[in-house]
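Here the structure comes first, spelled out in structure tokens, and everything after it is commentary.
Each chain carries a letter (A, B, C, D and E) given by its place in the written order, and its residues are counted from 1.
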Amino acid sequence: AGTDDSAGPGGGRIFTTIDASRPGLDASAPANPWNPKGNSFLGYNGMKLAWVKNDLTDPNQFYPGIAASWDIAPDNSSITLHIQPDAKWSDGKPVTAEDVRTSIGIAYTTGSTAFAITPGAAGTAADITIVNDKTVKITQDMKNPSVKFARGVLDNWVVPAHIWGSVLPATFWETLKTSRGEGAAADKARQEILAIGQKVLAFSPPKDVSAGPFTLERVNPGEALLVKNKYFYNAKNVAPTAVKFLNYNGNEQVWNYLSAGKLDYSGFVAAPTDVMNRIKKAPGSHVITGFSPVAVGMAFNQSKKPYDNVHVRRGLAYLIDRAQVTKVASPDGGTPSLTTSGIHQVPAKAWIGDELNRLDPYNHDVAKADAEFAEAGLKKQNGKWLLPDGKPWTVTMTAPSGFSDWVAAQENIKSQLIDAGVNAQVITVADYPVYLQGLSDGQYDVGFWLMALGPAPYDIFQRLYGASNGWTNVAGRVTHSAPGKGGNWMGGPEEIDVKGVGRVNPGELTAELNSASPEEAKPIMAKLAMASNQDLPAIQLWDYVNTTFTNTSRFTDWPPNDSDMLRLPAGVWMQLGMVKVKQ
Amino acid sequence: MITGTGVVKTYKQRGKVLGAREVQALRGVDFAIPKGGAASFIGESGCGKTTLGRIIAGLETYDGGEVAIDGVSMTELKPKQRQPHFRKIQMIHQDPYSALNPTRTIHQTLYAPLSLRAKQTGRPASWIEGRATEVLSLVGLDPATVLSRYPHQLSGGMRQRVVIARALTVDPEMLVADEAVSMIDVSLRLGILALLKDLRERLGVSVLFITHDVATARYIGDDGELYVIYRGQVVERGPVDTIIADPVHPYTQSLLSAIPVLHGLEQPGEHPVMPLESLNESQSDEGCLFARRCPFRAERCTTERPLLRITEAAPQEHACFYPERRSVIARPMEV
Amino acid sequence: MTKQAPGVRIDGLTVVYKTPAGELPAVRGVSLELPPGSITGIVGESGSGKSTLALSLLNAVQPPGRISAGSVDIDGLGDVVGLAGEQLRKARGRHIGYVFQAAQNSLNPLKTVGKQLLDLGRSHGVEDLRGLVREAKDLLGRMGLDGARVLDSHQHELSGGMRQRVGIMLALVLNAHLVVLDEPTTALDMITQANILKIVREVHDERGLTTLVITHDIGVVAEVADRLAVMYGGRLVEQGPTREVLASPEHPYTRGLIRAIPRLVGDIDEAQALPGRPPTLATVPKRGCVFRERCALRMDVCDDVDPEAILRGRRTVACHAVAVKEHA
Amino acid sequence: MTIIARRLVGHLARGIVMILVVATISFFIVRSIPGDPVAANVQKLIEQGMAPQAAEQATRVLYGFQPSGSLWHQYTDYMLGLLHFNLGQSVTHAGAPVTGVLLEAAKWTVLPVLAGTVLSFLVGIVMGVYAAIRRNGKLGDLLAISGSLLHGVPQYVLGLLLSAIFATLIPILPADGPVDILFDPGFNAGYLGSLVQHAVLPVATYALAAYGGWILAMKSSVVTVLGDDFILAAELRGMKRSIIFRYIARNAILPLFTILALSLGLLLGGAVFIERIFNYPGLGLLLIESITMRDYALMGGAFLLITASIIVANIVADLFYSVIDPRVRSGEEVSA
Amino acid sequence: MSVLLESSSTTAAMRRNFWSGVWRVMRRKPSRLVGAVLMVGFVFMGVFGPMFYPDPLPRDVNQLTAPPSWQHWLGTDDQGRDVVALVITGSRYVLLAALVTAVITVVLGTGVGLYSGFKRGRWDTVLMRITDMKLTIPGLPLLLVLSTVWKFNSAVQMGLVLGLLSWGGVARAVRSQTLSLRERGFIEAARGLGLPTTHIVGKELLPSMAPYIAMNMLIAITGGVYAQVGLFFLGVLPYESNNWGQMLNTAVFRSGALTVPSGLGFLLGPLLAILLLTLAIVLVVDAMDEIFNPRLREE
């Protein structure tokens, strides 16, 4: 902000960045990683056991964090952690197994994938044992196992027990055990744990004590300053002496920072083409791209006519030029989806191999669209498509007004559809909470929906064949609720007759993925991909691209394109010894 | 005939918060103005003349006592029912500049009440135009030139005549003229006074004239009654000329003494009376209201309030324990 | 300290106002002499130019008006029309006291009278401010007020009569010997008016002033003034010793005016209103006698020739008819 | 003095009633907001890769800060809390008391608003006097028209223009928060300088937006006072120009002080745009954030604080008026 | 009858006088003429503007957020549509909502103010308390909070809500005008003559306040425009049709108009529209001020 960035504490290099996952710094928030506004910055002063690699298909690939190494049982039933031997807190105390156990206890109170007290959750831990001062073993509850167990364990914060221990009452572990049972006592125990969770969220350590490469020095509503932790185990390889986080409330501010060359690094922030070009023109500016395991789809409420008819959905798929949509809405943050298989195009090959080529790509083709519409019984009159009963048909798309790329995409689709004789309109709703409520209340005909969440195969398809489409998986048992009930707003059929496969229940298939090994998963993924591409519960529009902004004016040695650490923040890169001061 | 007995009016001035101040504007006033008669209220500023006039014209409510029009008591009637009675009494405002709506022509100004009147009396609409010309002629204006004008195109005297004409549209039995000439050029004042007197004589309209200039009161009619009002109380009441010639209340005497003497034409009265202090609303209400300012006050005056009555001292009613005739007014010089 | 009451000679004074219809005279060719130590009264109806004339005495005609011709020669000051800037400012207040037409509102509502008195003193470089305050209290006391209390009051705490007396005090406290009172009693009731007039008379005598009283009420002039001047349509139509003018008015307007005053005694029908209405700035005839429209003695010459003011003994009259009678 | 005290008591009583009413209104409005923040948070966590059940638990912990129970019960709790200045717990600022979050934000709103208002008030008043004196000239006309235009143009238009010019086209001024973190907070030149530098754009916008109103108000006030008799009277008494000027100024500014206090209150509410455009972390930004995050307690609190400050500004304005205007002081009604 | 005739002909003459007075006022400062022309332009734009363009507007996917050019005077938006066309087609929503706002503001404000000032007494107190309350609650924050509850689906609804929120000022002003007119003798005289309340209010009070109300209406229109454009700009409101505020929002927060000069045209479009509208109304109000000024009537 207008001052010489090289002058600062220690006189060394200050690394300037933003926290791309959270807009709006809160000067009064504690250095507490569980607090949603907490001034704990992932990879800088917020340390995790390990750092998840951005793998195309394997969710259990990590870079070491507090855990230097780990042994995962072949059946995923347990994981043994080995703490970095030299790891120390920023007050000089060593990081011990007790710290890890306390952190896991805290994770239980606030809920995390491996440490949840909700009965029936998949892939949760059953037991934590301290093997020795630097080793901890965690076993999975095999009643409802998940292939993501190791990830659920390693992807957790670690905080010093000597500071945070007080938030857990002495009887905590007893209570936890009780909560695993059934009946009133368990309910009460769970309530108690939730109450502790609230205390955890509000807990404010008097001073930030971190095992990460930096600790929080001070923060004001505009910026946060972190200084190097000299006790960090790899401190000598951490180049910056301090890190400055800039506040932002909207993307446009990040664009301004980037095009002024202010940021040394920023995570993905969507930007229109012109802005992107300007950012690229800033001295030293670089854009690194890589895999981002998300896609966006245009999802249908199949309880509403005519979207219950698969030919209507297919006709729309043929009509929409996805390349154009992507160009307008997310030119640098996405690539048009190749198929609408429900899988991101990058890992798709790895999952389903050559099957991919056999899927209909739904290339823009008006003739095919007309044929599909005709088959669905729609009628064309005066160049306008009408419903089978002759009533006018308007494709009404809804989006939350803050999601500008979705709105832009829908505007473009609207124009495309109108050009092709399908009346269309876009309605925005105030914000995401309203949007979600509207969706689950079945108010909208067509909405946008994130899908293909990688890398775990279950995550990929649960967006299409999970709770939103009627299937829930509690304690390993899959149940299906009728359209309009239990969060089922998509209202798809419970079974689909997939050409060349036969009738499948996609929800049950998806649930199987939860515990399937990669080899077991592949054929299931293929079936589901075919089912999605044929039945089209959603038209996959574009697959996101992870775009990272860096600047080489002050620091160099950034990861290359498609690196598997691109989705991790630069703080992690630094602790791993990357990122050097420019000579 | 309009009569009042013991009319009381108290203004509550609401303070912004808790404090409320009460102003006794009228403290039990009796009056009677016969059909075709005349009466004048005189008194210092703030003594309650306007308030009484407005009560008589039905524009203000009263808190006690009784007002009756042609024998009908107004107190028991609902506001809506009072209206037809009060129609008979029309007010002529002091300020002819604000008494006419600047956005309406004289024609429009007269048309509205006339059409109302036509409806009430079942006259045809054609009557209205004729009547408009008529009332204007009555007040000495030329209808042809005045009707289409806006008020700002008329002089003060003309406006006041229009105001009177407007009052005449509803066939009033009484006109209440509140300082009706004080804002009119000196040379024209007498014209308005003469007009009022003329209307009295020709139409039999009674006139209530409110003023602080005693001399003008004479010009409404020598058969008129004069009410001298002080702090909400009538202190002297009787035929105009009697009171002017022989006032007995010291307050009346002060008022008359204060009239400037036209040196060269007149010689001052022999015993002019000058009050001791100036009027102060917050003075105590005990005893005679005028006692503090009265040069002739005695012990009794500060403890007991004199009532309005006739004593052997004078033929007119007066509210003074020690009435005494004093020659206060200026007399024309004998040439 | 005591100065001689100054004499004032107004000569051929014309004051014009700029209006959309061009510059129109509100005061035209007025010549008037205020003898030292006298009280002169000017009467005239609304719009006849009285205030304008009064303001000219201080060279204080407000824009869009200006003095276009004539002079106002005051003893000890010279021709006021030629004064400007500091000289003029110092003359106001020090030499000429002015009591405002709407004296009711002539005080700063936010300051006490005392503070405004001090402001006045400082404006005129009075060093002995204590003395000034003493003088003010003295003056107020003589007018029947409690000086200390009044000086401590704000305008809204004073009654109309009190404000008027404060106005007079402020006009006199700097020892001015020429005092102009513009409508000193308008908006006051009879008793207060009588009081104020009495005070004016007394103060005038005590302090040896030259006083100019302006009013539309002949009664007021008759009560206090030694000399009387009658204005009509911006012209001075008649002037002379009060008693003489009242007893035998010569100008038809003066006569009409006196006849239009309601009287306490005598025959009611003797009083009569003047026909017609007073002119306004726009309707004042540009040529000829300003009064001719309402004049009973109108002659042909009145239409074209402005009657000159003719000195007759101690009186002047500007009327063709009177002149004719005189010569005849 | 007693009159001022009485006014104070009356105002306070009315102010408190008003605040209670507003609190009630805002409580019920906020409760009737559609959209399920709980579901939204669960979705968000799932989209970030958390297991659905874990996401539910995490959300439950987060929303445990929200009051529960029947609406009436919540309402009474809320009102009782209000008596202790307790506005509940924020969700986005998990567990932090709303009061604390608000106070932190309030200082960043109050400072620039105050600076901008005072600046525009001073400049506007001087220009207003000028416009009044020159009201028949070209310059006065120009001042008046530009004043009306500025008075008319909404804040965000000015803010956007200033931002486009000074932060984008010629980037000489920052638009990114209140102060540079590198400076130690405290009374040192660097910190204060940075504070001022960052405040330039928002303050300038406040000032520009308000300036038009001041010039117009001052002009008409001066014109009114100039027509008052006491000014001419003072002139005729030969008062010094400087004294007369003081008379005019004091009488003309007096009615503006009321507007000043009121506008301070209103500006607090209007801060939303400017803070959003210049990323100034004040109440307005907080309000928007609380709305998009469905942070009920925070939303209600921010709204209540803004309203309460307006009420307080009203009271202060009136009391101030009573102190400086002797007519009010002595109990006479003056229509301001 | 002759009198009637004469009176109506003089009314016509008065009217002619009025228009010539208007013309004189306009001519005295040419800027006012500009204001009037702009005003007419905006009305035309709101009423007929959208008819000149196809729905949907043509788009050029090769020119997204393009800078101004001969083809697109203010460039294009993020969908490749012409900004000028967007401003013109978007004006209908904005102006319609503002008009509804103004009408409601003025009707409600005048109604409440008149009633309160004319009836006095208890109702006056109650109404004024409510008005005070309304005036105290800050509009924008309330709108922000309300925006989460209400759906401003159409321009009319938008205007309705804004109108319901903004009548307080007018009510106060009209009340004080009514109170001061009440003190004028002619209202009292009308009451004394027994003229019905409808006459007094409709024929005596309202015409005297008409210019004032008209000016308030114009000012309320600008207020309506600002509020809704502001809300859309902040992005807290859903929208269904294109309008200036949503353009501003997209320009700033999506197209980077404050970051890249190429988007500046997109930003300037709605900004210019608002500025010109403000200017038009300021100038027209300035002219009205003089036209209805009694001083002028006296001439």
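Throughout what follows, a residue touches a chain if its C-beta (ideal position, glycine included) is under 8 Å from a C-beta of that chain, and two chains touch if they have at least 3 such contacts.
In UniProt terms, the chains line up like this: B, C = Peptide/nickel transport system ATP-binding protein; D, E = Peptide/nickel transport system permease protein.
Being a predicted model, the structure only gives us computed values, none of them experimental.
Q: If you apply the touch rule, which chains end up adjacent to both subunit B and subunit D?
A: C, E
Q: Average the CA atoms of each chain to get its centre, and name the chain whose centre is farthest from that of subunit C.
A: Most remote chain from subunit C, centroid-wise, comes out as A.
Q: Counting only C-beta pairs in contact, which pair of chains has the most of them?
A: More C-beta pairs are in contact between A-D than between any other chains.
Q: What's the distance between the Cα centroids of subunit A and subunit D, rounded to whole Å?
A: Going by mean C-alpha positions, subunit A sits 39 Å from subunit D.
Q: Distance from the CA centroid of subunit A to that of subunit C, rounded to the nearest Å?
A: So the centroids are 92 Å from each other.
Q: Which whole number of Å gives the spacing of the CA centres of subunit B and subunit C?
A: Roughly 32 Å, centre to centre.
Q: Find the geometric centre of each of subunit C and subunit E from their Cα atoms only, then give the gap between the two centres in Å, rounded to an integer.
A: 52
Q: Which parts of subunit A, given as residue numbers and ranges, touch two or more other chains?
A: Only 250, 256, 402, 430-431, 434 qualify.
Q: So which bits of subunit E are touching at least two other chains?
A: 147-148, 236, 252, 258-259 - these are the residues of subunit E that touch more than one other chain.
Q: Touching at least two other chains at once: which residues of subunit C meet that condition?
A: none
Q: Which residues of subunit D touch subunit A once you look at their complex with the stated criterion?
A: 34-37, 39-40, 43-44, 46-47, 49-62, 64-65, 89, 91-96, 100-101, 104-105, 108, 167-168, 171, 173-183, 185, 194, 197-198, 276, 279, 281, 285, 289, 291-292, 294
Q: Where on subunit A does subunit D make contact in their complex?
A: 1-3, 7-9, 14, 24-29, 34-38, 109-118, 120-124, 146, 148, 152, 194-195, 197-202, 218-225, 244, 246-250, 253, 256-257, 260, 294, 402, 430-437, 440, 450, 453, 456, 459, 462, 466-467, 474
Q: Can you check the complex and tell me which residues of subunit B touch subunit E?
A: Those in contact with subunit E are residues 57-59, 83-84, 86-87, 89-91, 93, 95, 98-105, 107-108, 112-113, 116, 126, 129, 132-133, 143-144, 147-148, 150, 152, 163, 166-167, 169-170.
Q: For the complex, give me every residue of subunit B touching subunit C.
A: By the definition above, subunit B touches subunit C via 44-45, 155, 157-158, 185-191, 193-194, 212-216, 218-219, 222, 244-245, 254-265, 274-275, 278-279, 329-332.
Q: Going by the contact rule set out above, which residues of subunit D touch subunit E in the complex?
A: By the definition above, subunit D touches subunit E via 18, 21-22, 25-26, 29-30, 32-35, 141, 144-145, 148-149, 152-154, 156-157, 160-161, 163-164, 167-169, 265-266, 268-270, 272-273, 276, 284, 287-288, 291-292, 294, 299, 302-303, 306-307, 310-311, 314, 335.
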